[in-house]
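What follows is a short report on a single structure.
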Amino acid sequence: METALEVKGITKRYKSGRGVRDIRFDIAKGDIFGLNGPNGAGKTTLLKIIIGLIRPDHGSVTIFGNNTTDQFEQAMKQVGCMIETADSYDYLSAYDNLKLSARFYPELPRTRIDEVLEQVGLAPYKKEKVNGFSLGMKQRLRLASALLSKPKLVILDEPTNGLDIEGIVNFRNTIQQLACEHGITFLISSHMINELSLIAGRIGIMQNGQLIRVGGVNELVKPGITLEQYIVSQLHTSKEGDHDDHRQYIK
Amino acid sequence: MKKKWMTAGAGLGIGAVLLLASGFSAMANTSGYDAYKTALKNTKAESSITMNVDLTITDNGKKLVTGAADLKVNKDQKAGSVAATIGDSTEKRSINVFRQDGKVIFKSSEEDVYKAKEINAPKWQHKGDHSNLPKAMQQVFGTLLGNIKDLATVENQANGGKHAELHLSGDQVPAVVNVVGTVVVSKIANHEKNEKTPGWMANMSKLTDNIKVEKIDIDAEISTKDILEAQTAKINITGTDESGKKHELTITIHVDYSNINKTVPEHIDLTGKKIEEIKNEGMKRGWRH
Amino acid sequence: MIIANILNETEKLWKHNRTKGFLLLAILLPVISAFLLLHNNLGLGSNLPMLMLRLFTFSLLPLLLFMSASESFSGEVASNTLKLGLVRPITRAKVFASKVAAITIFLAILLGVLMITTIILGWLVPGGNFASGLLDIITAYVAAFIPIMAIGFVSVLIAQFFNKSSGALVTMILIYATAKLAPFIFPVISVWSIFSYTNWYVLWIGNGASFAKLANSFILMLSYCIMTYSAGVILFEKKQL
């Protein structure tokens, strides 16, 4: 099985002491990988390192065989992403925003922008400027921007933030369809485990900048307890473990 | 990755070397402006000097105005004299000024009276470095000139002296100078004439259209000792009058410097002459605030 | 890829009303000046291109560059849009290059519009006789582009230190004002400061300055461009978003 994403020993330490430590995992092509963990666990930092917005202190990221440090352009050609703190140009229309992005992929057909706007349900508003958009509409536009280039790996950070129920269902269907029909690989972060468990095949749990558990949704859920309960129990044991780890560090 | 930093680092290094090289070479380059500035400073520092100033204004080659002035200054004797005349072919006026015995004395050709005024310079003038103010002025002037300074050139003469010049023509003439020059000329042309107006000013043709400062030529001869020997400023202004006739006004000012350290200003014997004392109370009050 | 991003950056600049406003100024100011000249019966038509060039190189062009640079870098950090371009298949060095290129392109367009407007107006106003001066005017406008571009590079470098366009813009204006005033007190600065070269173009017109002098100033400006560009790239590469 081809590996879509390989993360090896990623470490990044901020002056505040926060950051991520020695993260390792990989995602096989066609998988939907969910990244879960409490707020501030380091999910966004990890995703930003993967797509090159932040430079790690150590470690490497490989996307379809291309290292992001030395072969950034080749690596990112396969990637579409949506980062929580990235906004669209609010003085441009939805269509123009996507037009800017489309210039990076000369092989895309002209109709692709309308296609992807249709897919996320923004087609009726495509000529409107983004500064008039609601939170949910902006989120849809970000998703459209991530899917625009027909990427083989899609990285989404808290994708359902601001979406209404209909939007969430729509989103879930879109993702599952893309994964099944086109073999697209997804890396999705969310602090809502229930939502992740509905679409993800494998889940990684992060806490305090570390990836504490990785496994299939079915492996993680034991009979009799919900995934939610399982996660909470994992966080607890990990906290104690982390404590030990710290003590060792001080010694 | 490393290659990227090295490229950028090399850029910084090469840029810095280029900056230092070009900056120092620009500073080392003695421009005409600097040569002139030095000579002017040295000339001013001499204890005595005679200056013969000639002024002519011509209109299409016809002399409109001629003026001449002999200035003699001796700092050690605290004395100076000016004998100036101005006028056209039909009318001449002259004025004499003497600085002697702590007084300034004026005498105009119109009147038979010598006007004398005590020199009591305000206190602030005695204190501090006198050259301070001119130096500041020089800096302001130099900065305002900006890159135009670099158009001034200097040439070494066969006799060991130097010739410095700044010739501006056409679009080289700073637009600001051009605007000011044009406004001044058109104001002169339009101003109200009255009886006191000297004949030559009334004779000046009224330029109304297309006024343009065509040329400004400044030339200076500098001696082997870096002292000014002579300098000429020539300004060419063109324009048309109301009848549409084209005029070319040329203003030339030529100054000769001579008798350095050997100048004795004229002295006037006031015995038996009509003298009028001028009090300068008003001035004093003005300074006091 | 770099072409794609130059197009993007140019389009973004163009979509800002400010950019269009500057273009409008480049047409309106000469028109207003021409009317003033006409009204006061001053036949300064042939001076219009130089008069406007002086005005624009001294104030409006640097201001345009300050605004564009602070918006393109600091402003995009503040509005969270810089990331959009950085996660596309294009290296940061190329993103930087295309942003600088877009700003430079606008400077060239603005100078071009100003030149054409003033030449046409100069013809309309009495006194506009360009028989000999046209070549001088074109030379001056081309020469004026170089120091202003170098100032643009400096402002791009300054923008790297700010995460808000307002802070960057105010700092650039303060630096510019200080750099313009400093030579009044320390004349030697005028040799070294790139900001003292805004009326460099006067050395090119008429019989002009010597080749050595022109080459010297050119190299000085070039060195500013190289240094500020290199430093800017390093800072841009190091940015953590």
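Each chain carries a letter (A, B and C) given by its place in the written order, and its residues are counted from 1.
The criterion applied here is as follows: a residue touches a chain if its C-beta (ideal position, glycine included) is under 8 Å from a C-beta of that chain, and two chains touch if they have at least 3 such contacts.
Fair warning: this is a prediction, and the values are worked out from it, not measured in the lab.
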* Averaging each chain's C-alpha atoms to get its centre, pick out the one most distant from chain B. => A
* Of all chain pairs, which one counts the most C-beta contacts? -> B-C
* **Distance from chain B to chain A - Cα centre to Cα centre, in angstrom** => 75
* Structure fact -> Separation of the C-alpha centres, chain A versus chain C, in whole Å, is 41
* Structure fact -> Distance in whole angstrom between the CA centres of chain B and chain C is 36
* **Touch list for chain A against partner chain C, complex** => 48, 51-55, 72-77, 79, 81, 83, 85-92, 96, 100-101, 103-106, 145
* Once bound in the complex, which stretches of chain C touch chain A? -> 1, 4-5, 7-8, 11-12, 15-16, 79-81, 83-84, 86-91, 238, 240-241
* Interfacial residue positions of chain B with respect to chain C in the complex -> 4-5, 8-12, 14-19, 21-23, 25-27, 29, 139-140, 142-143, 146-148, 150-151, 153, 167-172, 174-176, 178-179, 182-183, 186, 208-212, 239
* Going by the contact rule at the top, pick out the chain C residues touching chain B in the complex. => 41-44, 46-47, 50-51, 53-54, 93, 126-127, 129, 132-133, 136-137, 140, 183-185, 187-188, 190-192, 196-200, 202-203, 205-210, 212-213, 216-217, 219-220, 222-231, 233-234, 237
